[in-house]
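Just below sit the structures, each encoded as structure tokens.
The following pair of complexes shares a single chain, subunit A, combined with subunit B in the former and subunit C in the latter.
On to the complex of A and B.
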């Protein structure tokens, strides 16, 4: 008798797609209407994009101009320099990635992506030697990953990147007896990347110094830094670029400075002011007790700053710094307005070429995808790094 | 204690060991270095300009500008390229910048808040679509987006001859034309009244917010402010002898006449800025809503409020407090980003100054003016946002 009094156990919840759809898409009338409307919008957007991409778009413009999109007017006979740097960067990325993820297996999607890129390069053969060298670069990433897992401590990689940066700058300019490359010959994706990397590297010390200056107890130093930061932050980057184009040669007494260098000066000053504000946030987040404790154990003011306060401050603002770097990367497109041929500028030139009239859609679609891949990779990379650096788990 | 003072009197601290004196010396040295640097740079600029037979002065400003500006007025006063000077043409540019910035802020806020709410929707499809929207817009450069909006969307619209009006509005490759209250050619300039109305509305709003904080009683400050704004506009309209008339766009051979017409450049820049900024505002809204304690939702549901009532009356007002500072930052960015107008040829203040510089050969001065104008605009927006932030902050006693 007792058995009948007990209610039967609830039916097991079998997760089916019908149940999922009912809960997440059609839970009530409003939701159902929203689903239908959004669904219609999605189908319309995707189908018109697909129709355009597969029937109307003239994709021929991309392979025909692939080299120009990547490196601009970089001399063809000097392209080995960019390939060399690309392969070294791929190898080091692999090493760094491997050294950071000891004992973890490589996720399957990386093999798939690597294989697709290598096959794509083999099949299309866009540009100079890319059919061989792109697969080499892909293999370099994987080789680096496995070596990095066993042999390389990640601390060494931080130093290696600094060496690679200066090495790359030298390699992109210096004459080895077979003719050098001038910065004004940089273009396309190469110029975009060099502008952003030089911008962030050069603005880092300046920005940190400005942040320390602004938070210092010395009123005059603090006031000068504050005025500098606020004036630059109140000015749009385009104006900074225009002013840099006009002022930099004059400030140096009428010296002949190439426009790419002037743009780099502009982007460095602009980025430093924003970086200073981010770092200042970090400096203020370090508890006063840390400074007091450091002074109590006998560290000098400079030691306290460099060994105790700055490391904690920078770690605290790392997400903001990555966000700023992504912004800087996207902002390099503004040099198009002062006539430089980075990704946006070079696309503008290609579409005014009589051979490629009416290909604006294909070009801007392609460069948007390039910008998106880089920015998105940086933001997801930052999320991983943040998890790795988080010691308060 | 007394031992120390006695010691100090016996052997005074030398100045190079006295922290206070050192601080003063260090700052004076720093100041001198900065001033010397500035002096050398200014000297270099003057020398460089002399080499090119130029000088750094602003004498060119009262000269006749002599170039056409596609649209806009000097705050209600029409601009004549044949006789008006550079100051007036800069005012036209400033008017165009403010026009796009203010309209852009309002529309970007509306769109951004909607997308932010969609990001948190329990409807899976809707929140995924909102996520894709935000990620695509935030991860591609604004400049590329603007070029796409201008060259690929707006300029590819059908020509005005083939467009059918929707609600009296024409959207074609020559821009947008909508029915609007427009200035009569012989009427008194109505523009100051619109500024006065906004100022009066804000003042009344601020006053009643203060009253509310003092008395602790509910006062509909927002509604009072809005009513004041409308009242000043209506009173001004009749007091100035009805200087506006209702205009409807009428299609002609080469374009539309009547109503409010804006250029394709304005349309593309506005859409581009609004869509781009809305993706950032969406993220701010999402973070703001998520910062409100879950208990607030549950309590609101418990007292019988529906979803939209809870959102409007309980959640958004609390979320707004977290959202205001970053929102203010986005308004600043939008204003500064409007300078990308140069890329698509909209006559904003930077574009006009750039043309003025090329026209008069005084590029340096016009760019310095541009920097100054944007600096003033940024500081004004920052001040307004801070004031609003203070007025609506949680009062804890």
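On to the complex of A and C.
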């Protein structure tokens, strides 16, 4: 046989949609039947929804109450605070995004989505100013992206977010001489986001600490952490809210503690207990050889934990953690039990208005779309992070 | 192959173990082990699996704790005093059977981590040393890859470079080639031979007889937790004194 430098190319294969359909949808009889059945089901569901959406639904309820869905009973004359925060957050997101993707072009879909959002705001005019300010926010994202690409190191943005977070909390409350805002006036998506962000940011370090504590060699620390985790995990979130609502003031001498703060404490404690168990799984997945190697080169126990074990443990459980954060985001809807009007609960207030009786479908459809957008953003962000952290390519 | 001419008669003792005993629960893993290693000496530790040879070298940097007896390393006694343990670990490098590289760090970061965190060396300086060490173990081009992207032999060479980055006085090798494919064993042994010739004090648990004959000053044969025989490589391989050593040699040479 004659030796050749060029091995024969793999057999040519022109991908067509007919070929794809034949291989994936109609490869055998069972498969074909399933394809037809699921196809029929999907068409039925989508067409029924579409008929409802385009002929029966009274979508007027959404633009008429958009402000309430977004911010609840936030005082109208103080709404500039939320606009300011929104635009700052949009700008910073753009800056961060740009700083993380040096030399990359923005994908086309971002322009499309940006344009749709801006046009939608211009056309619908849901709030008196949104027609101008929403496009401004969209432009802020793009402007931030291009500035971030050339001028901002991504490390600075991590610090910036902490500043923005505390700045936002201040902006949402403090009186600047023209009347402040009370947390009980927070509502709708604003309240949902504040509860979720505080819950995620606060429960993460607490959960990691509990996980480390539970695996600690000191029996007292390990016992305290184990009891805390098991008690909280054995309690429904609704009960945790009631406990936070009823017992926290009792423990702190009947002080008048902000109900939103109490809800945040409840969510944080609840989420931390679950997080601790996820992280513990990650800690146990790190091979003992890693600790030995770290100790053998002279790292201390704390350095080994922080530099070697924890990064690997968190990477291993990242999908589980994100799943839990998405769960937390949606579980904030349970605060309606203690009388807080977040995104899901606010629909009750809207429907109690005689003008909007019987609009539950429209409201809940919209609300679920909003929940989906945020949840999907979290899970796709996590997928990108996983890809970035994968060191075995 | 001739045994390298090395005069160790005046060299100071850097590892001194006397009457060391270790138990795992009821199991008596090390029984009255006495062993001295001099500066610059290369000691190869062999023995059947479960004989305590790995346990013993893991006691020398306190990855395992001995219950009785005394281990002195560079004149410092290994006790429960954390400062002593830290001091000894800074001077003793270790290479593991399963490499144990840090998978989330690049090759260069694996090497520079301890010098930067333990010795507080500047990053630029640590990276310079790291690249020199990668040159020494023959894989300078792999500096920015991650361990998972390297072959087993390359990973083990990185592990050696990582240990050397702390400029240890003593290197411990715990079956460094046992997890490697045959064609990769040589590249790791070559690095170890170079290290031995450079005058490093080494204790190696290994069955690589070519390596032992070429660079070892002494063979220590372990069985059932005891040092059964100590001899030069030539003596040990050609004229083993004990029946257990004869049996062991016939088993590893027999196939």
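Simple rule for what comes next: the second predicted complex is superposed on the first by the 340 of 393 C-alpha atoms of A that agree within 3 Å, B and C clash if a C-alpha of one lies under 4 Å from a C-alpha of the other, contacts with A are read in each partner's own complex, and residues count from 1 in each chain.
Criterion: a contact is a pair of C-beta atoms (placed from the backbone, for glycine too) under 8 Å apart; a residue touches a chain by one contact, two chains touch by 3 or more.
Everything numeric here is computed off the predicted structure, so don't read it as measured data.
Comparing subunit B with subunit C, the partner in contact with more residues of subunit A is B. By the touch criterion defined above, A:238 lies against subunit B but remains apart from subunit C after alignment on the C-alpha atoms of chain A.
Of the two partner chains, subunit C is the only one that A:299 touches; subunit B does not reach it. Contacts of A:384 after superposition on the shared chain: neither subunit B nor subunit C is touched. Contact with neither subunit B nor subunit C is seen for A:110 once the two complexes are overlaid on the shared chain. In the superposition on chain A, contact is made by A:360 with subunit B only, not with subunit C. Using the contact criterion defined above for the overlaid structures, shared-chain residue A:372 touches subunit B, although it does not reach subunit C. In the superposition on chain A, none of the residues of subunit A is touched both by subunit B in one structure and by subunit C in the other. Across the complex, subunit A is touched by residues 23, 26-28, 30-31, 34, 41, 44-45, 47-49, 51-52, 121-126, 129, 135-136, 138-144, 147-148, 151-152, 336-337, 339-340, 342-343, 350, 354, 363-364, 367-368, 370-371, 374-375, 377-379 of subunit B.
Subunit A meets subunit C in the complex at residues 287, 289-290, 292-300, 303, 307-308, 311-312, 315, 389, 391-393.
Put simply, subunit A touches subunit B in their complex at residues 24-25, 27, 31, 34-35, 38-39, 41-42, 217-221, 224, 231, 233-239, 242-243, 246-247, 249-254, 326, 330-331, 333-334, 336-337, 344, 348, 360-361, 364, 367-368, 371-372, 375-376, 379. Taken in their complex, subunit C has these residues touching subunit A: 61, 63, 86, 89-90, 92-94, 96, 98, 100-104, 113-114, 117-118, 146-149, 159, 162-163, 165-166.
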